[in-house]
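First comes the structure, then the notes that go with it.
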Amino acid sequence: MTSDSVNWEAVRADFPILHQEVRGNPLIYFDSAASSQKPRQVIDALTRYYEHDNANVHRGLHELSSRATDAFEAARNKVAKFLNAASADEIIFTRGTTEGINLVAQAYGTRYVKEGDAILLTEMEHHSNLVPWQLLAERTGASLRFVPVLEDGTLDLSKLPELLTPEVKIFSFTHISNSLGTVNPVADLCRAARAVGAISVVDAAQSAGHLPVDVQALGCDFLALSGHKMCAPTGIGALYGRAEVLEKTPPYHGGGEMIVSVSLHKSTYKEAPHRFEAGTPNIAGAVGLGAAVDYLESIGRQNIAAHDGELVRYAQQRMEADVPGIRIIGPRDRSGLVGFVMESAHPHDLTTYADRYGLALRGGHHCNQPLMKKFKLPGTSRASFYFYNTKEEIDRMITILQEAARFFS
Amino acid sequence: MIPNSDLEELYQQVLLDHSRRPRNFGELSEADATEAGEKVVKVQGDNPSCGDEIVVSVKLADTGLKLADIKFTGQGCAISQASASLMTIKTKGRSRAEVEELIAAFHDLITKQTENPPDILGDLQLLQGVWRFPQRVKCATLAWRALEQALREGSASVVTTEVEG
Amino acid sequence: MTSDSVNWEAVRADFPILHQEVRGNPLIYFDSAASSQKPRQVIDALTRYYEHDNANVHRGLHELSSRATDAFEAARNKVAKFLNAASADEIIFTRGTTEGINLVAQAYGTRYVKEGDAILLTEMEHHSNLVPWQLLAERTGASLRFVPVLEDGTLDLSKLPELLTPEVKIFSFTHISNSLGTVNPVADLCRAARAVGAISVVDAAQSAGHLPVDVQALGCDFLALSGHKMCAPTGIGALYGRAEVLEKTPPYHGGGEMIVSVSLHKSTYKEAPHRFEAGTPNIAGAVGLGAAVDYLESIGRQNIAAHDGELVRYAQQRMEADVPGIRIIGPRDRSGLVGFVMESAHPHDLTTYADRYGLALRGGHHCNQPLMKKFKLPGTSRASFYFYNTKEEIDRMITILQEAARFFS
Amino acid sequence: MIPNSDLEELYQQVLLDHSRRPRNFGELSEADATEAGEKVVKVQGDNPSCGDEIVVSVKLADTGLKLADIKFTGQGCAISQASASLMTIKTKGRSRAEVEELIAAFHDLITKQTENPPDILGDLQLLQGVWRFPQRVKCATLAWRALEQALREGSASVVTTEVEG
């Protein structure tokens, strides 16, 4: 696949933040896996909403409230189509991936996981897909199991049969590893979960904005994503839940908007998704997420994936060929990020060094402490790319890494 | 690329040397407290945002009034390792009061621009460049916070507590 | 108190949304109790953040990440000062009041409320301060008690001694009723709670943006507010928790940012507030809340309260004098909102009618179903004012209400 | 103020009259099903966003093929009350097939602009003005959704279920 049909320069021009200098050097933002930048189209959608349509949703009968409600529910529809959900009622707005996973653990997990049951995860999970399950295991007396990660950064699927047994009630795993770049075989894992009667939960934080994600094709029961990693505002995300599973999931938070009727001692709750959206939601955030989805669709996720792929292959090849003492961590076949260690420099020192030249890298454990321990690494440096990045930026990164290798050795 | 003077001030060769070959690297154990009035205290310091870890062991003598011995182990960036190494050199054998003075002077040194650093700091001035890198202050203070905690706990015998950097 | 020192016209000019026509009539926005409008200063703060400083917080060592972290923590400081908290560590960012109360119910409540204990509420609580406690009571086997509301819309404090007994572990109540406008004696209620060893939780959704709120003077243990009701963006709020109480409160959500160290089976958690902020927070939302706080402070909350008060008194007087068949619900001494019923028209019909003339009222149960039942009302109509509203708008409302009374009778 | 023609179309005097003095107001009970093949079904409809509540009771005859009697109780806005009142008048005594045709025609009437509404609607055309007020569609359909549910449940005897408007 090539991404030649897109005018990438024009796309890059949509991002005001990228056109600045940091300490006298042009900003090179290679930290999109932590949070992506926002195109003018998304920022404008927020401004437009606040300047014309802002009001509370659902409960109002006046014009602004209708407009706000329509915009909010239109955003839900956009997200549903973006993920190919069977219905917009399967989309719950959340703060982000972390809240989505906690919602599943609290609402679904507390009801359906019992002592003696098991929750299956993998060794490459982000803390956000690990700690909520530790808390659930503590509360319920269930145990945690982990699919091991092989030396090359992929999952050891040979262990799946002995781990994914009928005691497993929930199998939760990441689509793309945020430190290794590994792309997991989600559809296979969901199928395996279903075969033993477990539900599957997919952490799509790193994938939703980077490649086509089709929840029906993947066959997952839940899928959580963060808006801020896919060009949308901070504070908004979505949780997809298959209708059949959502139907039997008890409420999460209590409050306004999620009830049918309330008396002092008892309430009845609405259907999904409203049952899971107590209180005033992040209305403008949802509108911004809708605008981000439109924007990503206008470029095409196939094109984005192809462009990310070109960048990461180029970076990998140049780093290995031209920077002494670098070791790349993770599989050769990876999503648009590359984690590495430099022999002479600790990741933090390297990040500090790069920053002085305007290059934004991330260094540390990337919320993957257990994985770092397993690989006996104090952390890694990570360069993560998105469609607004360029090969010229990678060339400049290579120069900076070369100088750093000299500086620290 | 044009050399960056802030970086050069931060990562002086002597400092990088300390980070690669830290002095007083190791642990003390209860058995090291042989005399009356001596205690060994160990404190683990973590910097959760970056994963740096350090264990500082001190032997207090004179019922806590003197820092008779000090060692550290751990892993982390050049700043945290060099800072810990230099800290052990400068504090070993000093009175509690002197150590407290050092702690305060060091903290000032790395958090604000200092024209004439007090003499007591000696080689610790190698870390002066940190003040231009506010995000790295936590790295430079990790070992020191563990030491402070150790002094506070001088009354218990061998304790291991954690501080968060 | 007078609010003459403020140039209210200039203040009103800060709100772009107010200067529009709805169906050929000038918009009159009297629905600020549901959600307030946003001044240009807040909208600009969002744009500035996304165009210059956006990155993920806390974990990054590069320039944008530092700027984002600084802006985020500066916002926390502003909120702390706004509420006169003893320390910024007592401020937890949430999505809003509903999430704040659910956080207390889940994290604190689950740990400290047991079978046989009681949770004390009042009959005037918003569903958001009722349903979370119903869920907690269900989970724990605790019981719910309610301070009754008198005919005049105030609390029946004579019943407090028999209700607030040592079984009560949590006393949660609203500062200002969103349908009655009642302002409760918060400091007295907090003192009474403490006297029996219960913690106090204040729902400040309707008060935080309207009058000075000083958590130390009030003596509360928790206080929850919503940004969107006080000129800030949607999707952001704050929960104040007294240090001593937060310290012993277990985590809420699991995930990134809230841990000290993680291994596959066990994690240790950070101190407050970070222990309660798992995952990427609503960074821009917090920055916007900080800007809103600055904005409100620049006007002065005393002035805002005085201005709200003038408007509500004027409205009340004109409604009673000039509109036939109107009954006002709630105490005479009220915050800046007025709930009422019109003999001839159901609240929804009245709201629909008003909307055709550009007047945004709210009609319905206002998430106060039990209270409406108690008052034997099918709901009320509500006009809620904020400092950007004017007496001229109230005059126009009176004309519309007069016409409506004629139309429906 | 200039009269608003949308409002005048929505709230015609006849409609307001139905809302003030609703027809067929009341409940049926199991005792009303006296003949073989008759059943009484009750359904409660709620509109959680505004608090409107309605209980529709129907007596089905001919093992569900005929709507022999219908009543409603409840409270709510003029639209929901008038809609329920008109619904009972127009559906009472009709065959199930006719009722289903009415339901579909009514739904079209209030959700889109209709040039020539089908004759079967009769007085229900009083509610035509609703289509310009999308937020009020739920009010107009509340009773109808309860009726639909009642038809679906024609097989059970006296049941009370809730639908959400």
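Note that the chains take the letters A, B, C and D in the order they are written out, and that residue 1 is the start of every chain.
Convention: a residue touches a chain if its C-beta (ideal position, glycine included) is under 8 Å from a C-beta of that chain, and two chains touch if they have at least 3 such contacts.
The structure presented is a predicted model; accordingly, all values stated were derived computationally and were not measured.
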Chain C reached from chain B - shortest hop count over touching chains: 1
Any chain in contact with chain A as well as chain B: C
CA centroid of chain A to CA centroid of chain D, Å: 46
Distance between the centres, which are taken as Cα means, of chain D and chain B, whole angstrom: 79
Chain A-chain C separation of Cα centroids, rounded to whole Å: 31
Approximate Å spacing (C-alpha centroids) for the pair chain C, chain D: 38
Residues of chain B touching at least two other chains: 49-50, 135-136
Multi-partner residues of chain A (each touching 2 or more other chains): 59-61, 259, 261, 348, 352, 363-364, 369
In the complex, chain B residues that touch chain A: 1, 4, 6-7, 10-11, 16, 49-52, 75-79, 133, 135-136, 139
Residue ranges of chain B touching chain C (in the complex, touch as defined): 46, 48-50, 134-136, 162, 164
Chain A contact footprint on chain C (complex, rising order): 16-17, 20, 22-23, 27, 29, 31, 34-35, 37-38, 42-43, 46-47, 50-56, 59-65, 95-99, 101-102, 105-106, 123, 126-128, 130-135, 144, 146, 226, 228, 233-236, 251, 253-256, 258-259, 261-267, 278-285, 348, 351-352, 354-355, 358-364, 366-367, 369-370, 373
Residues of chain A that touch chain B when the two form their complex: 345-349, 352-353, 356-357, 363-365, 369, 372, 378-379, 399-400, 403, 407-408
Touching residues on chain A, where the partner in the complex is chain D: 58-61, 66, 259-261, 268, 270-271
